[in-house]
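Below, subunit A partners subunit B and then partners subunit C, in two separate complexes.
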Partner chain A sequence: MKKTGLYIVIVGCGRLGAHLANRLSSEGHSVVAIDLSESAFPGLSADFSGFRIEGDATQTAVLREAKVHKADVLIATTHDDNVNLMVAQVAKKIFNTPKVLARVFDPRRETAYAQLGIRTICPTSVAAGLFFDAISEDE
Partner chain B sequence: MSEKSILVVDGEQNVRTMMTQALEPLGIPVQTAINGEDALKKMETTTYSVVFLDLKMPGMDGLKVLRHIQQERPGVRVVIVSAHGSVESVAEAMKLGAVDFLEKPFTPTEVRDLATQILEREVLETSQVIHFPDWATLMHEPVSDRSIACARDIVCRAVSTGPSRAEAYTLLASLFEVGFQRLEEMKQLPKVKPTEPFIEGEL
Partner chain C sequence: MKVILVGGDKTLYFLCRNFTSKGYEVVVINREQKEAVQLSRQLSAVVLCGDGSDPEILAEAGARSADAILAITPNDQDNLIICQLASLQFGVPRCVALANDPDNAEIFEMLGVTAFSTTDIVGSLIEQRASLEQITNLLPISGGKVNVTEIVLDNKSPVIGQSLKDIRLPEGTLIGVLIRDNQPIIPRGATQLLDGDHIVLITLPDSHGPALKALLGDTE
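What follows is the complex of A and B.
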């Protein structure tokens, strides 16, 4: 069953972060988007009904301002794997966020993240899988 | 008792939408106002149980609206909605009689819990209250209304029903402190001197 009314914090408001924020907001969730630069926020649609916070999410004060301790989900989608890992770890260990997801570009890091209990999604692995599936279908 | 309803006053569409969605499960009519003027206009025709009022709005700001509400409709419970870090304005709003405050960003649960708490406080009547938790809920109302004597009375009753609960004692101590400060303030007022010399036997 699809849950609604969740409090979701998205760190990094680039193409992926903004897309997620827009979609989750339109599905009735309360979304907080955090980005280092205010220039990232125009990626959010006019219908986005969440909050925007300009700040460095590697600082706990910024996460506290976003009320990560009350969040149901945190998604780390910055362009830096290390930042995503750090933010995800802080959310998991310090703020006890129940569900923490991170994007990781480097597939070799997936195992390391998994050992820390952080669920990751690697666009490289996902795309590679889809390519393999497409090749198999053609055969 | 009149039907309950809630008014959300915020200049930002996203906040109005989010609060309306968050309050929806309570099953209480929720109306929105885009600014202070709109809010006061809506309050002329409808009596709201709770008003969520943003501090920072274009035109008439939250504090001005709050002053109007306190003068014109003192029974309305106002919750201040503020941005992170606006401590001074929130403190001023609380002094003006706001019952509570909510800091942005907020979770849907925070909004719902706060509204429920305030609405429950409204329902409680002193004659029906027996247990400590109800007294504890009730004692915040006169405090926010700055009715010190009434607050003291309720807190004393709360103490008698739950003598082992520390929070009532703490509040009682604070209330006495407030009372003492007022006394001190009154002492600072200039004394009224008779303009005419007192003539014995005249009165």
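What follows is the complex of A and C.
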């Protein structure tokens, strides 16, 4: 286990969120997973040794409970782009979290949020890039 | 004036009706197809069915030429993103978001979006009205730093029959307008106050209580 683990808050514990939470937790980081419903948490494996919080992350009280002001990293991976973008901005601008990442499905919203200094990852663009690469490889 | 309203429900309906009656050009964006169809039948506004936080829908609603956008959906995250997109991508000059969670009103302001919380506004209205029956309207501005209060003078008021220039009001108080028999009057020093006058009073927090006392007398 690494000595200097990071404090990471993951908002949205679906397939991607749970995967990240399990992996980061098993790598020795302190992870807090937030989800609207408790039913998402079974996605967390036995390796996950972090905390779970059931709540709506668009309410700052929930983020405060997750001690976002002390977090090194916040990752927003709910299925709702707007929740991710809002939570990411609140973490960055109000809780001063050093590293904030948001998943955004809609590539058209990426540019607007790049302007606000929010780092977004768009699964659509990423997958499209991989497909294009795979096509050109075969030629 | 061109206004885009995003949301649904009675609030949107009545707001839209109010705006169209003033001659504003209104475009409504509503997510639910059934509700959108119903609104388009009831309102003399263009109604689009779609996600207001989708830049294409905003473009279709004519965001580029809009003077204002009001996001009043039940989801705070949507209201924030709608206003940010409208302002960043379309340069809409006035974007106002409803904060359903009153805590978010402050957060939205910190993120650069004008916000209001109906909970806060209605809460303070009810508090003020419950505490003093002569107050008929109260509007806190910039989070309560300035209050605009409408009061009615009754025969118990110590200022009835006096001219404004003779009434001693505390610092930080302004009588904006008088309403007498439904007619607004911009008051001057010589204007006399009468029983039944409605006064629109502008006060700072410190002068609010003393100003009400000066005009209404001891109501305890």
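Things to note:
Here, the second predicted complex is superposed on the first by the 135 of 139 C-alpha atoms of A that agree within 3 Å, B and C clash if a C-alpha of one lies under 4 Å from a C-alpha of the other, contacts with A are read in each partner's own complex, and residues count from 1 in each chain.
In this section, contacts are C-beta pairs under 8 Å (C-beta built on N, C-alpha and C of every residue); 3 or more make two chains touch, one makes a residue touch a chain.
All values reported here derive from a predicted model rather than from experimental measurement.
Superposition of the two structures on subunit A leaves subunit B and subunit C fitting side by side, clash-free.
Judged by the touch definition given at the top, the superposed model places A:A127 against neither subunit B nor subunit C. Contacts of A:A114 after superposition on the shared chain: neither subunit B nor subunit C is touched.
Within the superposed three-chain arrangement, the count of touched residues of subunit A is higher for C, of the candidates subunit B and subunit C.
Of the two partner chains placed by superposition, only subunit B is touched by A:G28; subunit C is not. In the superposition on chain A, contact of A:V83 is made with subunit C only, not with subunit B. Taking the C-alpha centre of subunit A as the vertex, the lines to the centres of subunit B and subunit C open to an angle of 90 degrees, rounded to the nearest 10.
Of the two partner chains, subunit B is the only one that A:A66 touches; subunit C does not reach it. In the superposition on chain A, contact of A:F51 is made with subunit B only, not with subunit C.
Of the two partner chains, subunit B is the only one that A:Y7 touches; subunit C does not reach it.
Nowhere in the superposition do the C-alpha atoms of subunit B and subunit C come closer than 19 Å.
Residues of subunit B touching subunit A in their complex: 13-15, 17-18, 21-22, 25, 84, 104-110.
The part of subunit C that touches subunit A in the complex is made up of residues 53-56, 75-78, 80-81, 84-85, 88-89, 101, 103-104, 107, 110-111.
Interface residues of subunit A facing subunit C in the complex, by the touch rule stated above, are 58-61, 80-83, 85-87, 89-90, 93-94, 106, 108-109, 111-112, 115-116. Touching subunit B in their complex are the following residues of subunit A: 5, 7, 28, 30, 32, 48-51, 53, 65-67, 70-71.
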